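Each chain carries a letter (A, B, C and D) given by its place in the written order, and its residues are counted from 1.
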Amino acid sequence: MTLNRNDFAAWKRIEVRWSDMDSMGHVNNAIYFTYLEQARIGFLRDQGAASGMKVGGKGFGLVSIGCDFRRQVHYPAQLDIGTRVTKIGNRSFHLEQGVFLEGDDTLMAHGRTVMCWVDYEQEKAIPLPDDIRAVLERFMA
Amino acid sequence: MTLNRNDFAAWKRIEVRWSDMDSMGHVNNAIYFTYLEQARIGFLRDQGAASGMKVGGKGFGLVSIGCDFRRQVHYPAQLDIGTRVTKIGNRSFHLEQGVFLEGDDTLMAHGRTVMCWVDYEQEKAIPLPDDIRAVLERFMA
Amino acid sequence: MTLNRNDFAAWKRIEVRWSDMDSMGHVNNAIYFTYLEQARIGFLRDQGAASGMKVGGKGFGLVSIGCDFRRQVHYPAQLDIGTRVTKIGNRSFHLEQGVFLEGDDTLMAHGRTVMCWVDYEQEKAIPLPDDIRAVLERFMA
Amino acid sequence: MTLNRNDFAAWKRIEVRWSDMDSMGHVNNAIYFTYLEQARIGFLRDQGAASGMKVGGKGFGLVSIGCDFRRQVHYPAQLDIGTRVTKIGNRSFHLEQGVFLEGDDTLMAHGRTVMCWVDYEQEKAIPLPDDIRAVLERFMA
């Protein structure tokens, strides 16, 4: 079953930059992770969760990230990146993100991210704080 | 079981650029995919397979890519990216890549890539040519 | 004399990406040239001039580019990039660009670009076509 | 008079990444500034000067940077970036950098950088410390 816009909750508009394209003439694969990051950080900021990023030596950490590429994206384009939470654990959570062209319901790319809450000094995952957990629950698919 | 250098066959040395780091002071997650790409293209070139990239409107296409992040990487550093083939299908194949610090056997990051052989004009996957298949078989794990 | 918004004619809004910042915690110097490029290509496209980019093996070429950095830029921010033409020669022309924060008249950075019209096959500058020249004259400071 | 390798003193080897190329099929203009930065930071590090980068809230700041593009660069390539100091003022200094292909004396690009020594907290330029000045004098053209 293919995901569409209805499957995502929080949205971020991103403009494709000409330099996002590589010599194949389409948006380079690594740039999709920049898009996912921009939408993810925007989402966490909007929800008041990103302010915790470096406060008190604790914050988000990336465990793993992946992306399925369905269709090529070319400059010029406006993208809508939708985000949803698909799992909340004790120390980690899962996000899924859909990349769509403005005004189009076709999934161009599908990102999956596992993040955790980290004590940066000890470099290990620690339990998610209650306020972050509350934000994530609101966007649980 | 954690992978180490012995699990990978083809190697590419990559120097971390200062600008690869983001404002968290470590190499940004999207940049790992640039590293994986640089090693992947170098590997395919070395094996004479990349010359087919745009010839006759056929070439490699990325189906999906992912990366697990184990340890942070900081400038300055020299990285060794190891590549192996883990699956060869009719139209697609799977690569795994390990990111190591020079002179160290600790897996810093672990990439997984699914690629296919594409008819760019028709925008669809077609059977892998024999010469590409032969190259991949030599690096099958 | 410091330039302000009144000194520029064509405008492009660009959103700063979190990843545009480097480990100093501000937008990296090389990224400004991506901003200038995005505004420049958008300007030429809007004026119908960029369609000539690769047509018939002729198009724009960069001769030199520079940027003065006045103030640091940080994520999150919306930037307005203003462009004006300051000189039109036989084969080349000069652009100046101002980088401003949304809703602010303080010049954050000041870019200067020399471009020419190139025969890509011969790799040499050739006279500017009349339609490109007409576009540039409209935005001459 | 065109500069060649003999005009530069400190050297840094940089490998072109495939992703450094844009959709024109050559290294993108903004990436040259990443090359210049990588060589500049490497040069300052090698001379023991970069350790001062963030120590005590003081360090280098970029005043302006520019680059003339002479020849296109394409992947795959190894570049040699040469650096020299052309002017040392009270609070600022000028660097020039030449970009060459490995084993070739043709200047591919020519960078000019003005840097200063900054009190980050006060956001203003302050006099260059003696140890930094001594390093710069050794590489004065």
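Keep this in mind: a contact is a pair of C-beta atoms (placed from the backbone, for glycine too) under 8 Å apart; a residue touches a chain by one contact, two chains touch by 3 or more.
On a predicted model such as this, the values are computed, not experimentally measured, just so you know.
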{"item": "Of B-D and A-B, whichever chain pair has more C-beta contact pairs", "value": "A-B"}
{"item": "Chain whose mean Cα position lies farthest from subunit D", "value": "A"}
{"item": "Superposing rotation of subunit C relative to subunit D, computed on C-alpha atoms, to nearest 5°", "value": "180"}
{"item": "Between subunit B and subunit A, distance of the C-alpha-averaged centres to the nearest whole Å", "value": "22"}
{"item": "Between subunit B and subunit C, centroid-to-centroid distance (C-alpha), Å", "value": "35"}
{"item": "Subunit B and subunit D, separation of their C-alpha mean positions in angstrom", "value": "30"}
{"item": "Sequence positions of subunit A contacting 2 or more other chains", "value": "18-19, 24, 28, 30, 34, 37"}
{"item": "Of all residues in subunit B, those that touch subunit A in their complex", "value": "24, 28-31, 33-34, 37, 54, 62-69, 72, 112, 123"}
{"item": "Subunit D residues touching subunit A - in the complex, by the definition given at the top", "value": "18-19, 21-25, 28, 30, 75"}
{"item": "Sites on subunit C touched by subunit A in the complex", "value": "14-15, 17-19, 34, 37-38, 41-42, 45, 76"}
